[in-house]
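Same chain, two partners: chain A is paired with chain B first, then with chain C.
After this line comes the complex of A and B, so read on.
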């Protein structure tokens, strides 16, 4: 099954027909291609989390259509038979540690796959593998998730979603509140999954460096609308626009800009530290030849 | 589902009703509910309905909204009314089947019970729609204060009430979040047989308990850190002030009572 996810004129209103009605998404058109690594950025309250919940039909659009693979989700789609969609699209929510509930870590991680019919040895294996991926060894299996530190709980919760073996992995600010090392490990692990197993990733983040390092497509949300989308190169080229939107610019790009202010000339504006180093090396080599 | 629940929510506004002293509103609502039971003919119920409609229109809240608020309670009302009609006997018999019968008295009682229900719901909805929960609990604290003479912890009760009210929306949000997280892990809430339904509640309730306990602890720490040590000597940020419109309201209720006593048989 092709797992492209497509939004066509999607709108979503919370509590419609009451004085509390709030239009959180308006006329959203976008496509998340199978095998892509899409980043969604935007300020707090811009509707990112609301948009994510459409990706596996947790909420249904109040206007427009969401196509998940070959399933069409509209306002009138019944709540039945959505399990398949939920299995294919796994969501790691903001602060997922709140979803832990079992006595042992093993049982909690097994909860998702068990609901989707995985059993026996296969279940055991998938639990171990998932815990391994988030950096927790077998000694954790029998421990209670509630005696862990916040960061470790986060890892267990993420393992719980990985264990469902989704083909699309949706991450809502997965590293918020983690220490720098944990953040790096997590982001690296997601990227490996993407590269090695071809998993589609949708990442919500405030860190432009993560966008520059990992994403191949960026969607910028503001007040419930898509105000820009495209390749990271395209979105980040207009640094002035990014600054006026107060979205921030990757560290390497800022660095390059400061160099440009002092007379450096870049062929392409670098987004990551690696690209920056290459560009600088190129320039230095050139000037070396001239001398 | 929870979105539709209007009963018990506050809608900000600046109508006369919004501006009334919460103590007056609270007492008046209780008083009104009390005198509803004095009604015993259609004239008295009409009077009460007219009064309620007047109060509702003064509050400037959209009528459709109040009607929507009544809907969730429809089945409860219907059930009570039907029971009343079927099991009260007296007067002319219209219909009989085994122990069930529809009689003149039963029908009348049914209609009256229905009116009482609607009146009580309307007036308490009006109270909560126009009064911020915190003002309500201030009012309750004030009204319970005389009981402190007999060592009744009025301040603590009111604090508990405010905290509880304050965290209702938080808890609702949290419930929705955790439900979504577990649905994403393949739980179908409200599907399958009773056993399945009970089982699907566990992954919801445990995280809710855990986070509630954590939050309670954090809140207690935060309060102590800011020097909270009970009600004694504590001043108020929102000071309740009796105004002429409050006196007027009290007068209106006196008049209402007089008319009511006059029209009932």
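After this line comes the complex of A and C, so read on.
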């Protein structure tokens, strides 16, 4: 099955036909390509989490169509038969650790696959493998998830989603609250899953460095609408625009601009520390040759 | 000046029979109007320490005092009036059915008269720029909005000390800037003492002093300049590297030598500019 996810003129209104009706998404058109690493950015309240919940039909559009692989989801789509979609598209919500509930970590991670009929040795293996992917060894199996630190609880919750073996992994600010090393490890882990197993990643983040380092496509939301989308290079070129939008700019790009203000000239504007170092190296070597 | 918070050799285990101390022999003082950033890896004991300061947890040995008052079961309500705490996850801290009610909740408990309550609630919501959401249900707000309401709830009590336990970690850059800006303003206006637990190097840079925690121990106390000059060791302390340090690492990998000492961003720009001229 081709797992492209497509939004066509999608709108979503919370509590429609009531005085509290609130239009959280309007006229969204976008495609999340199978095998891509797509970043979704935008201010708090811009509709990112609402959009994510459309990716596995947890909520259905109140206008337009969402195509998940070959499934069409509209307002009228009945709630049954959505199990397959939910298995293919795994969502890691914000603060997923809040949803842990079993008395051991093994049971918690097993909950999803068990629901889909996995059992016995296969279940044991998938639980172990998933925990290993998030960097927790077998010694954690029998422990209670509630005596772990926040970061470890987060990993357990992510393992629970990975245990479903989704082909699309949707991450809603997955590193919020982790320390920088934990953040780096977790982002590395998602990237490995993407590279080695071809998992499509949809990442909601406020960290432009993560977008620059990992994503191959960026979607910018503002007040429920897509206001820009494209390759990171395209979206980040207009730093002036990003700054007025208060969305943040990658650290390497900001630093490159400080260098430009001092007199440096770059062929292309660097987005990552590596690119910046390469550009600087070129310049330093060139100026070495001229003397 | 007398300290507003003193920690005297406090130790704590979550289970009496546990091998590991969540906090071990912590001593220190915090002065009125200070901004302290507590840094350290996940699991190093930062949240546990914060909970000691507002009496959510009591140490097994040692003594915590707030305003010269020992933190114990007897004084707990007085302590909670002077120490407000905002947690990382906004979803666990709401009780009211509207934003307004929620902010008022803490005040009802402390017996503030009705008219003053209304003023304080409005004031606090304006400070965090959430007045427009007064009548909304907290559950219907998005994460960052919830966090601003939680901060308003604390501000309304006008505590002497506010503890932010990674409270900005899930805000967007704009929200983070606004919250820090609000906290800075309150600190100026009310001589608020701020304790912020953070992994954000820019947020830590706002502090007067940094407390570095590691495996339950307080291993360093120093100004941001002192602590930031630890360079690559900062990663061990739960902070990110300052950008110039990251750039140095990448440049070294390309065979370009860089100065060993700590450079600020401006320092790094100057060094690179000079190098590009002098080669």
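In this text, the second predicted complex is superposed on the first by the 291 of 291 C-alpha atoms of A that agree within 3 Å, B and C clash if a C-alpha of one lies under 4 Å from a C-alpha of the other, contacts with A are read in each partner's own complex, and residues count from 1 in each chain.
Here is the rule we use: contacts are C-beta pairs under 8 Å (C-beta built on N, C-alpha and C of every residue); 3 or more make two chains touch, one makes a residue touch a chain.
Just so it is clear, the model here is predicted, and its values are computed rather than measured.
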item: Clash or fit, chain B versus chain C on superposed chain A; value: clash
item: Which of chain B and chain C A:248 touches, first, second, both or neither; value: second
item: Partner, of chain C and chain B, that touches more residues belonging to chain A; value: C
item: Touched partner set for A:173, first chain B, second chain C, both or neither; value: second
item: Partner chain in contact with A:14 - chain B first, chain C second, else both or neither; value: both
item: A:135 touches, of chain B and chain C: first, second, both or neither?; value: neither
item: Touched partner set for A:98, first chain B, second chain C, both or neither; value: both
item: First (chain B), second (chain C), both or neither touched by A:263; value: second
item: Which superposed partner A:161 touches (first chain B, second chain C, both, neither); value: first
item: First (chain B), second (chain C), both or neither touched by A:146; value: first
item: Selected from 112-120, 148-156, 202-210 or 256-264: the stretch of chain C that, after superposition, runs into chain B; value: 112-120
item: Where chain A meets both chain C and chain B, residue numbers; value: 14, 98
item: Chain B contact footprint on chain A (complex, rising order); value: 14-15, 17-20, 53, 56, 58, 80, 83, 86-87, 90-91, 93, 96, 98-101, 111-112, 114-116, 146, 160-161, 164
item: For the chain C and chain A complex, residues of the former touching the latter; value: 14, 41-43, 88-89, 91-92, 140-145, 166, 169-175, 177, 199, 235, 238-240, 243, 246-247, 250-251, 253-256, 265, 268-270, 272-273, 275-277, 279
item: Contact set on chain B toward chain A in their complex; value: 3-4, 6, 11, 62, 65, 68, 174, 177-178, 180-188, 191, 202-203, 206-207, 210-211
item: Touching residues (chain side chain A, partner chain C) in the complex; value: 14, 22, 42-45, 49, 94-95, 98, 147, 149-152, 173, 176-182, 206, 246-248, 251-252, 255, 258-259, 262-264, 273-274, 276-278, 280-281, 283-284, 287-288, 291
